[in-house]
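For reference, the structure I am asking about is given below.
When the chains are written out, they are named A, B, C, D and E in that same order, and each has its own residue count from 1.
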Amino acid sequence: MTAPRTVTAAASPGPGPGPGPARRGWRAPSVIPGFGPTLGITLGYLGLVVLIPLAALVWRSTELGAAAFWDLARDPRTLAALRTSFGAALIAAGVNAVFGALVAWVLVRYRFAGRRLLDAVVDLPFALPTAVAGIALAALYGPQGWLGKPLAALGIQVAYAPAGIVVALVFVGLPFVVRTLQPVIAEIDREWEEAAASLGARRAQTVRRVIAPSLLPAWATGFALALARGVGEYGSVIFIAGNLPHVSEIAPLLIVIKLEEFNYPAATAVGVMMLSISFALLLVINLLQAWNRRRLTDAR
Amino acid sequence: MDVRIDHVRKEFGRFAALDDTSLTIHDGELVALLGPSGSGKTTLLRVLAGLERPSAGRILFGDQDAASLSVQERNIGFVFQHYALFKHMTVLDNVAFGLSVCPARRRPPRAEIAARARRLLALVQIDGLDRRYPDQLSGGQRQRVALARALATDPRVLLLDEPFGALDARVRKDLRHWLRGFHDRTGHTTVFVTHDQDEALELADRVVVMNAGRVEQVADPDTLYDRPASPFVFAFIGDSSSLPATVRAGRLWVAGRALGPVPAADGPVRLFFRPHHARLADTGALVGRVVASRRQGDRRRLDVALRPDAPSDAPSDAPPDAPSDAAGPPHSADLPRPGDAPAASTPVEIDVATDAAPPVGASIRFDITRPSLFPAPAAPRRPIVVAPRPGTALAPPGPKPDRAHAAG
Amino acid sequence: MPANPTAPQAPPPPTGEPPLVRAGLIAVAMAFLAAFLLMPLVSVFAEAFARGPAAFLAAIAEPDALAAIRLTLTVAAIAVPLNIVFGLAAAWAVTKFEFRGKALLVTLIDLPFSVSPVISGLIYVLLFGAGSALGPWLQGHGLQVLFALPGIVLATVFVTLPFVARELIPLMEAQGTAEEEAALTLGAGGWATFRRVTLPNVRFALLYGVLLCNARAMGEFGAVSVVSGHIRGVTNTMPLHVEILYNEYNFLAAFAVATLLALLALVTLAAKTALEWQRSQRRRAAGA
Amino acid sequence: ATPTLLNVSYDPTREFYRDVNAAFAEQWRAETGDRVRVQQSHGGSGKQARAVIDGLMADVVTLAVPVDIDAIAHHSGRIAADWRTRLPHGSAPYTSTIVFLVRADNPKEIADWDDLVRADVAVITPNPKTSGAARLNYLAAWAHALRRFDGDEARVRAFMSRLFANVPVLDTGARGSTTTFVRRGIGDVLLAWENEAHLALRELGADAFDIVRPARSILAEPTVAWVDGHVDARGTRALAQAYLRYLYSAEAQTLAARHFYRPARPEAVDWTRAERLPAMELFSVDAVFGSWSAAQATHFDDGGVFDQIYTPAGKGAR
Amino acid sequence: MDVRIDHVRKEFGRFAALDDTSLTIHDGELVALLGPSGSGKTTLLRVLAGLERPSAGRILFGDQDAASLSVQERNIGFVFQHYALFKHMTVLDNVAFGLSVCPARRRPPRAEIAARARRLLALVQIDGLDRRYPDQLSGGQRQRVALARALATDPRVLLLDEPFGALDARVRKDLRHWLRGFHDRTGHTTVFVTHDQDEALELADRVVVMNAGRVEQVADPDTLYDRPASPFVFAFIGDSSSLPATVRAGRLWVAGRALGPVPAADGPVRLFFRPHHARLADTGALVGRVVASRRQGDRRRLDVALRPDAPSDAPSDAPPDAPSDAAGPPHSADLPRPGDAPAASTPVEIDVATDAAPPVGASIRFDITRPSLFPAPAAPRRPIVVAPRPGTALAPPGPKPDRAHAAG
């Protein structure tokens, strides 16, 4: 209640229609200038760069026709590739959710030698070309690699197996989880932990029942972003995946294969399938979050 | 069970936030920690709760040394200034938290926990809001949830850090009132922190005045208000004005005029008085001009600039060796000169009845019915004159004080 | 801090973890980062410097590598400013105003994150390719989009579009509009308010967003690969050049160029740290 | 400005065309006094064909297999349909074949195609769907089996299934497979273009690997064509034709031999500057499969034989 | 230049935050907007500043309609509740901002801007902090920087939204005092928002009391306190208690007893009085038990539970038709029954001198020296009895009121 009112206003739904000279119906009046130009730039740019090209994608996929689209969607190879992509991305996002949260916690809460270096390294997957990452990871986790050799001795094969896909996707998705959680952890009120302790909660109980739930929304966002990114990842995966059909063939590779067959409609159709699934995932998580925010704050 | 704080010291780096603090809190008492910002109030509370470890000294719960007890084991109810409610839990879950995390063998069954939490919510009079989340509550409601949550584990001591600090003036007043009643009904040993003297005086059985990491005075509200132990307490508790003054030959001189005989040794002193201990009188010893006037509740408060150079009409009982001119008594090099510039330039505050208030700009005369003298600054802090009880007002002989002003 | 002589034995700290747990968590986090991020990085560096710094420099000074670096810098120099303008405009529109459809707009801004790089390139092929209506027409008017700079820029812009906006939106949302309103009441116009009040307030988030955007713009492989045409010395960006070198069994040169890109991530940190340090110095001087 | 020519080629030809382009430019300058700069684009052969279809302004295409140029001709119409007849030797200035690269001293004793289906042998080949080289590997193996099983297609298919069951990694391109085999140490045998195998030996260590030549193998015909639509638009037709004809010159043929291709005109080669590759029994795709397009349609198109090999029943999904 | 607010209405969605508000602010005046949370104070201020556009009505600066003026053109100094200082600028740059963004032809040279900003910082008495950043300042210091910043452009009107809301009790008092002095020296037309009645009464020339988007009363502090225009104002300004009461045959009946004659029509009424308008007297008409007692400044405040059933010793001037038993006068269905449960269960508050305070639990009798009557709830809001001036206290005949309490 002490928050500046503008923030409260931002959380409330848009105004209903009403009389008055300052009203335009679909937006709340504001004295702050620049609405027209900035929204214009935003929509224009989004339209040109994102919407029109994606519309072209969808349009091209319709050339396939509904029946063929349906056949493609049911094709075991397509299904297997989608399963591999989403499965690996899910596992990787799960790994990232756990370890990314741990990394974020350690980076925010503790002071230790090398912290800044680790903090910097987290951005690495954004900077390193995915192909280089894939090559480096394949070298590292291959049977002769620094990590692959000891793992192989334990009978664990990472590179050229589905596990390799997961490794590449962990690499690619980690910054999304860490960077989403870091500011939220920094914001956690120390007094919550103290309050829980003064109420008799042991540390583990405090972490499980107080800290974890308060991180949940950001956690979900990080997870969703890592997942969405992982599903589409191509460059780093093909070097380490093995690419065997039905086993370690990812959906983006399937797109490439369709393209090699000059089958644009099928390629775009697979693309549209992936896009709609991951967009739906993102949307669901966003809606859940919006619902959760409303649940926690809306006065009744 | 009493709580004893025994020569506790708490350092942050080089800085001592608490400096040799001792205090006993009696069973069932409602104690206020009062002091300016940074005086160590929160630190003391946190040391009590076990959220900080003392650098030296001991905390005793009854006969038990608290040093070996973790926060969890102390069984303390702590209400944080900004409540620290768990945002993602409903009001009911917040209140039930303490019970639901206690070790399985002592934990009541689920239904019993919920029932107890509901009873507590009824106790703090916000039943019916169980299913809300903290962000859906007003400040005052949150305050009560925090209290209910702290009470759920049946704590030995209840600690509240500025429980009303974040609330509206009006809500603050209501809750203050409510908390006192609540304490009277339930009888928990309670310590609360505040920097609002009205709140401390109104609520607490005893008030601990803290300053710079030390306890300045511990007393009940009346004693604190009527017989402050130091200039700091005088100035901090209640409104007051202070003036440099001099005692010469058993008489008090202020702003170039003699006020009357005082039982104090000669030398520079500092005179303190409260606004309502001033009394307008045509024959008043102090002369000044009203520079501001404002409504304050049922009276008017005047800012009065003293005029050291105004001719004194008071019966001349100035010491014989004092010249009667504007310069006041002759000053020696080591004494501040009575009637010095500060006295004239910083106005003093006096209260008058609304229907008797002189307009701004008017020249007035007034007496001080109950002055307190403390040594001039940079000397030890004990008062050298305990102010006489009202009725023996320190004022030059004259007509009896108008009681309307004296008591107002 | 002086120890408490009267304490028999220390109870666990009220908040935070016991030292042992803390050390364990740090170790696990370090091990995880080492296995997934640090070791790949080290292996890239190790390969790059396998035959000493002279060989490293020679690999980078090679004309095709220089051409790739030049192209990459050019692409970033176009794409990043475009996305800065877009990010600032979008963040301003989204955070300073209330309007319908805002949630959808924000989701659309996030959309490129969820698009496969292969698709990110493909959509421009569909739009500007020889089989489309637009491509040949543009080419007829002397504008080659695909397999040339414009196509590479477009794909890069698409892939890096969310970075700046995403950094800015949460921060500006949290900051609200109070300072802007204050500036207006003091007589500042819209532009002055933006430049002198909003921009300085978000400059660290903006900087961070720009650095990430830039890192990704320079490092993008998949999408650019689709629209580049791989013309040696002309349309190969650094990541593509790395692939080519690698495929030529020129591993040293491949990793040397990759190293340049990885260094970028570290420069991000250096710049951030330096700026924060400089600011804290300035503030310390003022606060004394 | 210097006139430029864009040669869109496939992956393993980088080193060869680097030399050819320099030699051509020199010769062109000597003949006409004009400068010329040949720009190269390399990538997977199929991907390169698609880039040209999508508008990459190639003047000449020099791709791994004729079908890729056929695809350009068919999908874009920018190459005349009779392009194979426009240059000598069916527009294939140099040829190659598929050989086996094995680890030093051939520990698994791999000698011929039949050894590839042994249970203890791991075979490295790229994915025929994305790599031209891989298609040749596949077709070569198929042709071998077809002869061995006297045209019994069921047994041929079984042979191919067992072969691909031995493939642990399907890279997307020939170079990826080489790296997997050579650098990552995966597999016992790499199916590779002959020139690729020699290059790998030279670049990555001659003592670590041996080349094994099967008794019979397939004739790989990398073909070349100018892109009529583009050379006309850019006014480079003469230059492009001169460039492709130059590939048949003594100098270019020598360079091809030096880069381990089998020159179309061995008689023109200066063998002092190149090594002679051992003679092998080679069969052409047209001879075994009718035509490249027929082979492509039967085996590699969507749902073709290759896809059937990988359809579950035989191979379990994860 | 006067500022006129003319039938202004402001809606957010369907909700009218301001509902037909009219008000004139005179040149050089210091006006307080006082009201509970959500009453529309901030909205009114923001409409004045041009930060919100009214849905209906006009704002006039002198003769100029403000509708044609943008925020920038209004030349208003606005001090935000949380100050909204520019975090990334030094104190000096904050203050200089307004001057440095004004159009180039009117902009003073750089050195002149800095000099002016320094003069302003000296004016608000925080010179020497030029180079600090806002978060290196205390709350009170920030407040002053915000004020200096707002003053830099020499605004026609100064608007302050809860200028002291975020400050400590003590700092709040000091700054309040200081602001009044500052206004007197500089004479800016000033409107400030508060929900603290003490603050409004103490500071303002005139106070605008707002409630639910409407102006309840506009008056100077004395009038407001002494002659509130509505029960809302009575309850909101100063402490007060209220009781259901009945007028029958010209006499006032409370809790079963007659208090005295009142010039009002018969019917149910609500009786309001302030704690210091109660007077202990052995013959007092009202009887109750002290349920709580607390120190409040220089007096004690008692919570008194009225006892309707106690026998009345007051001279019997009950109406002849009223039975003298505990039930009070006979009640008809449409009248609340005097002496109803609420009166007995909700204690009333009265003030007594500290040295005369009865202990908790004591039975006491007291009179109300200055009651105010308003129609019982759900009727129009005009008072039906303007309370008589003190001295004509509404009390049963008896000894003259003790003046100490009457005026106190």
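Operating definition for what follows: a residue touches a chain if its C-beta (ideal position, glycine included) is under 8 Å from a C-beta of that chain, and two chains touch if they have at least 3 such contacts.
Quantities reported herein were computed from a predicted structural model and do not represent experimental measurements.
*Asks:* Which chains are shared contacts of chain C and chain D?
*Replies:* Where chain C and chain D share a partner, that partner set is A.
*Asks:* If you count the C-beta pairs in contact for each pair of chains, which pair comes out on top?
*Replies:* Maximum number of inter-chain contact pairs occurs for A-C.
*Asks:* Report the inter-centroid distance (CA atoms only) between chain A and chain B in whole Å.
*Replies:* So the centroids are 55 Å from each other.
*Asks:* With chain centres defined as C-alpha means, what is the inter-centre distance between chain B and chain D in Å?
*Replies:* 93
*Asks:* In angstrom, rounded to a whole number, how far apart do the mean CA points of chain A and chain E lie?
*Replies:* Computed from C-alpha means, the inter-chain centre distance equals 54 Å.
*Asks:* Using the touch rule from the top of the page, what residues of chain A touch 2 or more other chains?
*Replies:* Each of 4, 15, 31, 139, 194, 197-198, 256, 259 in chain A touches at least two other chains.
*Asks:* Which residues of chain C are in contact with two or more other chains?
*Replies:* 12, 14-15, 131, 178, 181, 184, 189, 246
*Asks:* Which chain B residues sit where two or more other chains touch them?
*Replies:* Within chain B, residues 50-51, 70-71 contact more than one other chain.
*Asks:* Under the touch definition given earlier, write down the residues of chain A that touch chain C in their complex.
*Replies:* Residues in contact with chain C: 4, 6-7, 9-10, 12, 14-15, 26-28, 30-35, 37-39, 41-43, 45-46, 49-54, 56-57, 60, 99, 102-103, 105-107, 109-110, 112, 114, 116, 118-133, 135-137, 139-140, 146-147, 167, 170-171, 174, 183, 190, 193-194, 197-198, 203, 225, 228-229, 231-235, 251-252, 255-256, 259, 264, 267-268, 271, 274-275, 278-279, 281-283, 286, 290.
*Asks:* Would you mind writing out the residues of chain E in touch with chain A in their complex?
*Replies:* So the residues of chain E touching chain A come out as 11-14, 42, 50-56, 67, 70-71, 81-82.
*Asks:* Going by the contact rule at the top, pick out the chain C residues touching chain D in the complex.
*Replies:* Residues 125, 128-131, 135-136, 139, 144, 146-147, 229-234, 244, 246-249 of chain C touch chain D in their complex.
*Asks:* Which of the residues in chain D come into contact with chain C in the complex?
*Replies:* That would be residues 6, 11, 14-15, 39-43, 48, 51, 53-57, 76, 173, 175-176, 179, 199-200, 203-204 of chain D.
*Asks:* Going by the contact rule at the top, pick out the chain D residues touching chain A in the complex.
*Replies:* 44, 46-47, 50, 53, 71, 75, 127, 129-130, 167-172, 176, 180, 183-186, 300-302, 307, 310-312, 315-318
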